[in-house]
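Chain lettering (A, B, C and D) follows the sequence in which the chains are written, and residue indices restart at 1 in each chain.
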Amino acid sequence: MLPFANDYARGAHPKVLQHLVDTNLDAQPGYGTDKYTASAIAKIQAACGIDDADVYFISGGTQTNAIVISNLLADDEGVVAVDTGHIALHEAGSIEYTGHKVLTVPQVDGKLTAGNLQTYVDDFYADENHGQMVAPGLVYISYPTEGGTLYSKQELTELAETCHANQLPLFIDGARLGYGLASPEADLTLPEIAALCDVFYIGGTKVGALCGEAVVFTKHNTPKRFVTKIKRQGALLAKGRLCGVQFDALFTDNLYLDISRHAIDLAMQLKQALTDKGYEFYIDSPTNQQFIVVDSAQLKALSQSVDYSFWEKIDETHTAIRLATSWSTTQAELDELIAIL
Amino acid sequence: MLPFANDYARGAHPKVLQHLVDTNLDAQPGYGTDKYTASAIAKIQAACGIDDADVYFISGGTQTNAIVISNLLADDEGVVAVDTGHIALHEAGSIEYTGHKVLTVPQVDGKLTAGNLQTYVDDFYADENHGQMVAPGLVYISYPTEGGTLYSKQELTELAETCHANQLPLFIDGARLGYGLASPEADLTLPEIAALCDVFYIGGTKVGALCGEAVVFTKHNTPKRFVTKIKRQGALLAKGRLCGVQFDALFTDNLYLDISRHAIDLAMQLKQALTDKGYEFYIDSPTNQQFIVVDSAQLKALSQSVDYSFWEKIDETHTAIRLATSWSTTQAELDELIAIL
Amino acid sequence: MLPFANDYARGAHPKVLQHLVDTNLDAQPGYGTDKYTASAIAKIQAACGIDDADVYFISGGTQTNAIVISNLLADDEGVVAVDTGHIALHEAGSIEYTGHKVLTVPQVDGKLTAGNLQTYVDDFYADENHGQMVAPGLVYISYPTEGGTLYSKQELTELAETCHANQLPLFIDGARLGYGLASPEADLTLPEIAALCDVFYIGGTKVGALCGEAVVFTKHNTPKRFVTKIKRQGALLAKGRLCGVQFDALFTDNLYLDISRHAIDLAMQLKQALTDKGYEFYIDSPTNQQFIVVDSAQLKALSQSVDYSFWEKIDETHTAIRLATSWSTTQAELDELIAIL
Amino acid sequence: MLPFANDYARGAHPKVLQHLVDTNLDAQPGYGTDKYTASAIAKIQAACGIDDADVYFISGGTQTNAIVISNLLADDEGVVAVDTGHIALHEAGSIEYTGHKVLTVPQVDGKLTAGNLQTYVDDFYADENHGQMVAPGLVYISYPTEGGTLYSKQELTELAETCHANQLPLFIDGARLGYGLASPEADLTLPEIAALCDVFYIGGTKVGALCGEAVVFTKHNTPKRFVTKIKRQGALLAKGRLCGVQFDALFTDNLYLDISRHAIDLAMQLKQALTDKGYEFYIDSPTNQQFIVVDSAQLKALSQSVDYSFWEKIDETHTAIRLATSWSTTQAELDELIAIL
């Protein structure tokens, strides 16, 4: 089967794995105090252009979202997200598990617009009963979004300004950050993203690592005793080196962006092929996830040789599916897929 | 000022208060094990037509909702409600505080329709990723709804059947239950409501009591060690008699329904007067809350002599407001209000 | 049966009830914004000698403890209490329900000593692994304690100094505060207690009210948006007047202390009688709860005519029991009890 | 520095790492549905002698404890542990974070005795107020214990019988399970442990893996929709293969026990050397962690060349420290350590 179902079907990029092998028997202190983690932090700080950014590693995205969000919100606040946001739908209630409500705003191309955010906030405070409602306390967006779309520099700048004008920190879920930055449509760099938001995470699990996400607090705004809080929420790895070593490799010699660019190059070839063959796109995505609508016959045919993801049922005979490339997709696999389509 | 802002502006119905006075110095055991609570339970069982219904008293509605919902849901389940549901909007995140998500479905006249519920459930299970989503585990509705509307017997029957067909218990928030049952449009009785749902509460705070709601589990479905769970969530009154005595009075000689009917009689007079005077209704309500749209000039005039509730801002110059009657509204007050309108 | 089991067996002091009757039909705004609540707050501020203390009313003690403690602790902190503390034992895990650990220190006469607290804190920070442990973030004591004992002014002053030297706010559970202040052994006044702690509550449920506790923040240290947080935890009464009116009466003409003194006078008569008759005291209490050890025969005899509370099983044939007086105990009841003992 | 501070200072056993390398580019489905996870589960079932045991992989121990415990307890129940239990002390309140209390019982050589457990349960139910207390709902022990001691077969059998007689499931934290099973003093096998308890976990992080613990439900007692619950608590890895592959290697050709035995062989040599040199043992441990008391001069000397762990301050001049071997400790390192001691 051709592996286009998602971007986490294989292990780690060979250079990442090699670094784990090379450092394996070097005895290091635990809980993220090892030298590889320190090195990874320094490289991420440099890549973000913020020398004193605070960087922490957490093993997966759901946990990262829950820990960052719950520790930045006051007890009576909720997090604002678009209705298609990952935290609103596909994390099994992990935000509510921390006691907080996800406050949803209608998406526009998968994105939260500055205007919709301001309207939400204005409506909230215009309601005379807002003292009995959950106040917005943080804004969550994904870059790229769950549907693979991207905020332009202007969109993100306006959104960030709106956040800050309303004293709302901005948190960017970068589970697929590399695939966003490497898109031909991206007009934002890593330092620009870091500068515009208050906290974001650089996804490793979907971009070359076995596991791990790097949380970056960009404004000296790390919650107090954050490591203890990570422990309390169950996410402090004894062998913190596991994430540290991997991110140390990912941020050496531009590996993170290079492997992201590879995935995007293949995704753009795929998009062109889908266009040429007349497929209907469900979402127009400039990143590594491509979404198309297929009918039952097409779906049955594809199922024979391609691993794809179910995305949404459109009607009795049509289904939206996702085809994703990743750092590990080969040109040969893509060519084979295109031949089948 | 004429008190039409809400239905909780005064203390208790005189007969309720008198019962507190009469029983005041009778020493009784605590935590709801007193004889007045036992008597109230028996009267409520009789009024519901279920001799062995389990009945508990909790001091307020938000707490009642949180305790019932969180203890009927499995850890990974959420509660289904319409998007205008009280628990979805105006309880300050008290359901999320218990770790559970409120799953919202679009309202129709403030109500959850059987069809919309089934669609929600079908869509949920049709999603191949539902294992990473919050499963519906309980259905919450209000009778009357937050906007004062009522489910017909047919509507509630269909909804209950849909709930049960999907193994979803049905919980009815009856904060204003009396005002629903007493409406000329109501075609449901208390026993019918009790029989159709799995658990509901009979609101006292807004219908003649100083505080207190009576939770009724109708199907031998009380969570194990429920009193301990009430205690754990902070809601077990040492002087359980406070609620017991009041409900004992409310369910003596039909008081609960009689005082509800009084409120409804006045509300219907008000509705007729509003109609006659050409007011625009924001919601067509057959119960004690009437919702109208007024312009800025009208609002300013009203503010001089009437306590009303802000409901929603319509546009720059129009506002929806609520005028509510209650067990304590007098004919004189209503006449004065109508004269002003 | 003679009602000596506890101090919450009867309703409200007649003057408290009369105030409810007198104010019953005065329409007032909800959620604690009524004029009676405002009046009660002003009287409590005056009684505490802190004109700008923040005062809130919550319906019961367990809920009050949970709300105050959880909102004063940082997420990763716990509350320090003696091992016999109410929150450590008899509140059904209501503190853990809020996500926080109760950190226990051995009691001395039911009390937390300044020395034991300092040792606890020192040991905590001496542990090199304390970053993976729950840090103390607040100190909880009861006045009187669960066993009826009292902190002297010197003891409380030393404890408060130790708290503040360690940046630990001090919270006093005053469920039976009146019975402590009225004790002949008390050398602390209400203003002194208010000045020494950071937050405390004045118990109403056990001292003359149907329900209600008055939380007093004495150092401009109320958590932000505290009313919303109370709502979120389910404890905001729509008819906030219920508590406001009662405390308005309790703090008029010194009623709170007068009725407490009555209970203490009777308790001291009881203590003398128990001493005279040679009963073994389980705890030497100077307040309204008296604890004695009785054998099986005595217990059986008592059970015929006296309501007492089981306190602790001592051995196969001996049991510690509690006999409590309250504002409602009469001299006649006490005389009858003494005659039986 | 000689690495004897703990058993998680190095990466993975070379065979475990090699399996990650060998399987790295094999595309597999996510979330634990890959073939390596299936293979690991089958091997663990075989090793436990329970063909239909349910096995799940979670990345770390704190998280595993929190997820297992919170999902086996009813809402109003707590988990019983000895006062030195890891969950009671060193997991930063992660159990309380889930809303549950840790109920502590005095340890005996780090262990929970059947007698102490029965006494705890008896005392609980003898207390007439137990309805307002947290009921024991699950028993947690560690094998080996936090101090390295072991339950004998008789001790564990008696404890299990006591648990079951009281309807309390028994959960064994096996963070260092291999080092227990491989001890010369162990008279329990993996199948015996699996048969005696209701759920346990086989620690990977400290026994040869980069991360990962294998939870084994032995009695068809997995909580419903457990994977969704793991997701909700943030612990479901997209690349579930990361744990699956590692445990697949650890349970191939007896690797898990072989590498454990290596660590124990070295630990017993160390213990003998410490005995010979007259060191005072803080705990008499038959497993890979050795605890000794050293004075300030000894500690200073050791610090020059040995990484040890602080355990507890004994007095001004004495400290208890831990020296741990692991799968990765070499004979050369041990010899060097012994030469220094």
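As a convention for this text, contacts are C-beta pairs under 8 Å (C-beta built on N, C-alpha and C of every residue); 3 or more make two chains touch, one makes a residue touch a chain.
Nothing here was measured: the structure is a model prediction, and the numbers come from that model.
Between the interfaces C-D and A-D, more contacting C-beta pairs are found at A-D.
Set against the Cα centre of chain C, the chain with the most distant centre is A. Taking the mean of the C-alpha atoms as each chain's centre, chain C and chain D sit 42 Å apart. Centroid to centroid, with C-alpha atoms defining each point, chain B and chain D lie 50 Å apart. The centroid of the Cα atoms in chain A and the matching centroid in chain D are 33 Å apart.
The set of chain A residues touching two or more other chains comprises 76, 91-93, 97, 99, 131-132, 134, 228-229, 231-232, 236. Interchain contacts join each chain to each other chain, per the touch definition above. Taken together, the chain D residues at the contact with chain A in this complex read 1, 3, 5-6, 8-12, 14, 17, 20-21, 23-30, 59-63, 66-67, 91-94, 97, 205-206, 210-211, 228-229, 231-239, 241-242, 245, 307, 328.
Only residues 76, 78, 89-93, 96-97, 99-102, 126-129, 131-134, 310, 312-313 of chain A touch chain B when the two sit together in their complex. Listing the residues of chain D that touch chain B in their complex gives 70-71, 74-76, 99, 131-132, 134-135, 224-225, 227-229, 231-232, 236.
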